[in-house]
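Alright, structures below, take your time with them.
The following pair of complexes shares a single chain, subunit A, combined with subunit B in the former and subunit C in the latter.
== the complex of A and B ==
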């Protein structure tokens, strides 16, 4: 018997890992996309570990929050590495939670019998965002405090039935000390406890229902035992994930901004972290300034509620994205709008966005995605019968086999993008009715038209080459 | 001569284990205050090496281990070691 076998047998005899601790998983689920939720849990464990280490030195009072954070970074061995890993771990956790949600949406994991798993997952996602909101304040920098003040200010626009209660729960008496204390308690006790309870429920349901079958309708493949195969796979992707977070932390260390003071905050334009930039950008639209914020927050709440209650709304039996053009297109538009708003918000801190400009950008993004989606579905319906993989490979090869058309498409894309950016800046300055704006509208629409023609030529009229 | 796949598996596995132990021992003696970036990169290399080890042992036989992935993982570990060395000498 080899040395490894002896070690494995020794461990197995003591720990009994081969007993059915967790259910076996189908072979097809050994794919990173099936493990986005598990990676989010690993990120949470990493946050808990680094958070506990920081807790040894961090003092949650307005007098010492900043100085204790600086002490951790400058005087504690491995202090800034732990602090940076905690920051990037939080980013990774939020990013993975978003990815996990959208992946689940596109493959319809919310269908019977996993409806409650979806609802609980969405609640867990909201808690993850809560972690971001509450944790951001704790270093007590001018950046974090100013952004948190904006978030707290939004609470006053909530309906009278919940606004005051939520404000009291989050801010207590409203003093700086009370806000910091409440956010600290929420961050290290209430939210972790809530997340853990929901995680237990979700894991239990996962054990009952197992991983969702592929939405393309592939039959069940052979099952892989949890130990050692699945455990080793989990250890492998988990290690790589933590390695990436560590490497990012080592290469791009955290830099702390100045301590919060009323004077420092007066000259600072508050801007939230990247995961709330989309909301921040929506609230900067001219119509949503002041009292208009009711409508913006109401709209966002309705979209969130629709997502949470998706299993009740989308009750069709089909799970394959290829057969659900409406839901798939809506999901793609939402993703594109989120990315657009986030990038846009990053580059326009504190600027109020004119309504017309906001409308043009939002509608344009939605239209482009809808057109692309419609084209893809139409093309697919023409080429039914060809295996998806084969079809994908042939489509990817098209730009190389039709080089002249591809070059023309790229030129038109550049021309269209330039005229769009000029048009957006003209809208920002209110010069919509100028000659330059008219010329740019014509150029933009022409480039759109010709790009559509080329796409049509590359796809539908080239069926001979494809089939 | 084609080597027996299972004969190759053990030296590769043990080489990775020795690498893990060596780096861990080095991390034990390194100055954790002034070389924090080096510690971060070395820990990342440890985790990648551990991931390779987990990958090798997750397959039933060494013949099913993708040599491309193995090579890619080894290159990543080498690059991380080089990066750690660069950061340590800065």
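== the complex of A and C ==
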């Protein structure tokens, strides 16, 4: 026996590599959509690594938090890269966690036997958001301190049984020093420990239940061993992910805003990071300002609770999105509202949104998504029996085969969007009952009507042509 | 053959007992969960609201020398921390007789810089100027404008809320003017409590004193900062 194989054998037996620890995975799961959770874990590992490096120099006191952060960026070799990777890694982790959740929602992974995996995953998602909240404060910049003050301020609107207790647990005496040290502890000890414990449970259940089959019910029996095939796949997507984060960090290094002080903060427009913009925007609706905030926070909590308990609520047998129009539509509406609120919040810092305008935009988004979804499901039910690919190709060919109709549709779409945007801006200035507003309402409704007619005719004709 | 049957029976027995164990564990787990929820709720009630520190000492507002009147310019607000080292206030010369104003023209006032809505720091607008977050807005007098959620305060008239979500005016800093030296002193805070100190909107003076002095270090010497605007 050669020397290498002797060494290899020693390693194999002593480290127990011969035992089949991780089960083989089915071939269909070698698809990036099946690895969003794994990528989130890789992002977490990256955060742990860069976080540990920053701990060497970071000093969590109000006097030194900012200066030590500046020191890492300016003086520590490659410190700017470590800081930036930690920031973008956090963005990636939060984004991937959202993506992982929505993907799971649409293919309905929470069905038997993976109910508990969904519940634990949702709790892990909340912890990830907690990482964002607590970590944001640590550099002690004018933006991060102000945004944190707002989130702590929101606790004062909670009921008297919870509010003061939570405030005490999160902020201690409430002085700047106490808040910083508690957020630091939460960020580097409490939250990572919580996340790791939940991760162990979730990974264990994943090993027992395996990856969910494709929701369309397609079964492929071929199983691929973990080592070396799946391991290499995992290593590949993991390295691509890390490479992307590194590249983005190297190209766009972060720039730290000014150090916190009251006089600097008062001249600044505070805005939370992008992952909390949706909540920020909801809290800027006129009704939810002041005492009404109670209802906004309560509503968001209820929606979150419904999402956590989804496996108890949505228990239908089918996982296929094509046969779950209600849940798919609700999910699409939620996603669209999240994106709308985020973009809207980004562009209207510090502006209170009048109730009517908020209502119109929220209802409008929900209606458009519901209409599109209803139309798609109707078309599908009429086209039953046709392969999806065939249908897609036919729909993509439409603009070329029926140019006049397409042109009319596009014109109507543009006219409708313009009148909608004019209407929204009129609502913002409160002149709802003007002539311009009524003209725009008429234009908007008629463009909707004609677009619906065109779509209906096309659908009927397509059905005639195909069946 | 007999041996195999025996083994199978054993397995069945084992299976049954395992199911029983799982049932027992689940039942115990359920009880434990209910118990822990109940006890958590109970314990939460016992977590004391933050009332450390100053309880044994006699409570009194510190008297702190801020700045000489010669250094106050009507176009430049000044920042100082009072009564604690991290509770910021703004000091202004509003240019007309103001509520709670001191000085020869009764036009020098100071307010907590922390908005009563959610604890943001509002900026100070001179008459006719606009805040960075809303360029179409023009201040009609000396106003506080909070760019978090658009709260507006009339700083001439006791920081009355003139727009936006704040539920009440920001607390005033009681000032004292020494005619001989021209020095201005901070000698106390008016109601309500500073945001984040005690239950929001507390106005009872002894409680205001108690809560405002909680949770931080008292200032012993004023440091006055010029603003950035």
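Throughout what follows, the second predicted complex is superposed on the first by the 443 of 467 C-alpha atoms of A that agree within 3 Å, B and C clash if a C-alpha of one lies under 4 Å from a C-alpha of the other, contacts with A are read in each partner's own complex, and residues count from 1 in each chain.
Everything that follows uses one rule, which is that a contact is a pair of C-beta atoms (placed from the backbone, for glycine too) under 8 Å apart; a residue touches a chain by one contact, two chains touch by 3 or more.
It should be emphasised that the depicted structure is a prediction, and the values quoted were computed from it without experimental measurement.
Three-chain overlay on subunit A, with subunit B and subunit C fitting side by side and no clash.
In the superposition on chain A, A:417 contacts neither subunit B nor subunit C.
In the superposition on chain A, contact is made by A:284 with subunit C only, not with subunit B. Note on the composite model: angle subunit B-subunit A-subunit C, taken at the C-alpha centres, equals 120°, rounded to the nearest 10. Within the superposed three-chain model, A:250 lies in touch with subunit B and out of touch with subunit C [touch as defined at top]. Of the two partner chains placed by superposition, A:216 touches none, neither subunit B nor subunit C. Of the two partner chains placed around the shared chain by superposition, neither subunit B nor subunit C is touched by A:301. When the two complexes are overlaid on their common chain A, residue A:78 makes contact with subunit B while staying clear of subunit C.
Of the two partner chains, neither subunit B nor subunit C is touched by A:31. Put subunit B and subunit C next to each other and count what each touches on subunit A; the higher total goes to C.
Here subunit B and subunit C sit at a least CA-CA distance of 33 Å once the structures share a frame through chain A.
The residues of subunit A lying in touch with subunit C in their complex are 62, 146, 149-150, 152-154, 156, 160-162, 164-165, 167-169, 171-178, 261-270, 283-284, 289-291, 349-352.
On the subunit B side of its complex with subunit A, the touching residues are 10, 13, 32-33, 36-41, 43-45, 47-48, 50-51, 54-55, 57-58, 80, 87. Within the complex formed with subunit B, the residues of subunit A that make contact are 2, 4, 77-81, 85, 228-229, 232-233, 235-237, 239-240, 242-244, 246-247, 249-251, 253. Subunit C meets subunit A in the complex at residues 44-45, 47-50, 52-53, 79, 81, 84-86, 88, 90, 113, 117-124, 131-134, 146-150, 164-167, 195-197, 199-200, 214-217, 225-229.
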